[in-house]
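Note that subunit A is present in both complexes that follow, paired respectively with subunit B and with subunit C.
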Partner chain A sequence: MEIEVTIRNAENGSVLNMELDPNTTIEDVIEGAAEFWHKEAGAYVLRRGKKLLKGQSTVADAGLKNEDVLELIPDPEGG
Partner chain B sequence: MPTKITSWSEYQVRERPPPPPERVSSHRWFTEDMDHIYREVRDELPLYVQRTAEEKMRNHSLAGMRASHEVMGLLLGGRFTWQGREYALVRDVATTELEASEYHVRFHEDGMEGLFESLDDLDFVYSIVGWYHSHPGIGCFMSDTDVRTQEGSFNSPHHSALVLDPVRREMEAYHMVEGNVVLRALGIYWDLHQDPYRG
Partner chain C sequence: MDSIIGSHCLVVGAGALGNETVKNLVLSGVGRITLVDMDHVEMSNLNRCLFFSVADAQGRAAKADMVVHGAARMAPDCELRPVVSRLEDVDLDWSSFDLAFGCLDNIKARLHLNSYSRHHGVPYVDAGTDGSRGKLQVVLGDGPCLQCTMNKSHYQVLERRFSCTGSDFSYYEPPMAAEVTTTATMSSMQVKEGLKILSGREDDCIRHLLFYDAMRNEMQTLEADIDPGCPNHEM
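Right after this comes the complex of A and B.
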């Protein structure tokens, strides 16, 4: 069954709601949100509370529930 | 698997006066170019960094220097408007365990939960308005890796990158303008009732 989650963009405070299938991977979720906000998906991680959501896991594996609030956080690289 | 966005809302930027000129200064680590642009726009700065946030970054870079590696963190604060101009405030910084060498730095995956904890401990609703990192002994500039990070994550007008060289004791800030990284003027501010800040 599909669920709907809220994703907050930590860089500008904007939010979006996303409908997710249990088989969707976290990577897909990041990609969808990053594309919407014109960001590079590979440069972000997603968190629920203090927990880092692993890219390869699915919505079901990660235990995401309807109305969960997630946050998109930049994962910068410096050289 | 494709995802479906059902609704969204933009953040409403709040009106708030910037720190008053008597509580804003340049910094002794500013390079000549940084000092120059600070003086040019000191009454209308696009970026203000709280003195304690500046101290944390500077001390972090000095600790990294002693261990011979770069350090990095996120700039936390918000963006505001006042009399038709937009500016960003850095009120605090956050960092965690790093995967770092002399020429490279990023957050260690095992440190992410610690980073999230620091974000949750803040006593204000934050936006990540940029990032800082250090270049021990090689001077302040934006490397190809740095520019890629800026383009990929911090490409909005209110986003900045701060680079510190703890060996040369230099600091510069940058932002993106039409795909190019250019210097950004910033001022260090302190809150009412704090001692005058000497940098």
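Right after this comes the complex of A and C.
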């Protein structure tokens, strides 16, 4: 059963609604959202509340629920 | 203060962040600093690097040498050692370090420093910037490391250098140039976290990551978990 979540783009505040299979990995969610917003190649992370979601875990492992709001954040790697 | 004066810090990266971080460390009273960087000064560095000059860029001076030279003028009592090399090519006495600072411009080098620090039990404070955004991560013995918090998007750009210096290597030019105000902010927080560790106040450190967005006036601290599959946490 798919889970409906909202993903917020931390760079511009726009939102994306996604239906996720529980077996989808968080890093695939990141990739899908980044592609949707045509983001530059780079590192990104996904958070729910005060928690960084682990890339390799699945939507089910991460405990995502319907109507969760996640945020896609660029991970700055410059020095 | 004695623990800070008596400490030996490793700083890897002598770019914009490294300049600021070494400055902050010497002015905070750190007694010994080893600075590792393989690069030379470029004209494009000069808008955000305290210790670099036009003459340094024209003379292709080593970044580590110039930062040490400038910092020594600020704090003559600090023992400063420049190492002009890549981290993975130099044999360092890790048992002498109390703390490591990552001031790097690419994920691959960060992973090297993360791995060495974990292996040798040296706390690690990493900072990164991109335009008006910054990130800080504090890696302590009982917590997740950098590799635990990375995902596929990091590995896709593993070897890209996220700076706009130099023309003699392949590099990735980010959508926004580095801003010295962001660099200074992130370095200040990076060194503050380091000083907490050196003075035995690890419990007051950021757990585990901090993301900063200067344009939106937002700063958020995020918790992360140890990745059971992370090679740095295997017993």
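Everything that follows uses one rule, which is that the second predicted complex is superposed on the first by the 76 of 79 C-alpha atoms of A that agree within 3 Å, B and C clash if a C-alpha of one lies under 4 Å from a C-alpha of the other, contacts with A are read in each partner's own complex, and residues count from 1 in each chain.
Just so it is clear, a residue touches a chain if its C-beta (ideal position, glycine included) is under 8 Å from a C-beta of that chain, and two chains touch if they have at least 3 such contacts.
Bear in mind that the values here come from a model prediction, so they are computed numbers and not experimental data.
Colleague: Tell me which partner A:47 touches in the superposition: subunit B (first), subunit C (second), both or neither.
Modeller: Both subunit B and subunit C are touched by A:47.
Colleague: Mind working out whether A:64 is in touch with subunit B, subunit C, both or neither, as first, second, both or neither?
Modeller: Neither partner.
Colleague: Does the superposition put A:56 against subunit B (first), subunit C (second), both, or neither?
Modeller: Second partner only.
Colleague: Name the contact category of A:36: first (subunit B only), second (subunit C only), both, or neither.
Modeller: A:36 contacts subunit B only, not subunit C.
Colleague: After superposition on the shared chain, which partner residues are touched by A:18: those of subunit B (first), subunit C (second), both, or neither?
Modeller: Only subunit B; A:18 stays clear of subunit C.
Colleague: Count the residues of subunit A touched by subunit B and by subunit C, then name the partner with the higher count.
Modeller: Touching more residues of subunit A than the other partner does is B.
Colleague: Classify the contacts of A:10 with the two partner chains as first (subunit B alone), second (subunit C alone), both, or neither.
Modeller: A:10 contacts both subunit B and subunit C.
Colleague: Is A:26 touching the first partner subunit B, the second partner subunit C, both, or neither of them?
Modeller: second
Colleague: Quick check for you: in the superposed arrangement, does A:77 touch first (subunit B), second (subunit C), both or neither?
Modeller: both
Colleague: Show which residues of subunit A both subunit B and subunit C reach, each in its own complex.
Modeller: Common to the two interfaces on subunit A: residues 10, 28, 31, 40, 42-45, 47, 50-52, 73-79.
Colleague: Which residues of subunit A touch subunit C once you look at their complex with the stated criterion?
Modeller: Contacts found on subunit A: 10, 26-28, 30-31, 34, 40-45, 47, 50-52, 54-56, 73-79.
Colleague: What residues of subunit A sit close enough to touch subunit B in their complex?
Modeller: 4, 9-21, 23-25, 28-29, 31-33, 36, 38-40, 42-45, 47, 49-52, 73-79
Colleague: Please name which positions on subunit C make contact with subunit A in the complex.
Modeller: Against subunit A, subunit C makes touches at 13, 15-18, 103-107, 110, 127-131, 133-135, 148-154, 156-157, 160, 162-163, 172, 174-175, 178, 208-209, 211, 213, 220-225, 227, 229.
Colleague: Given the complex with subunit A, which residues does subunit B contribute to the contact?
Modeller: Listed in rising order, the residues of subunit B that touch subunit A are 1-11, 70, 72, 74, 78-79, 103-107, 109, 112-113, 115-117, 119-120, 125-129, 131, 133, 143-146, 148-149, 151-156, 158-159.
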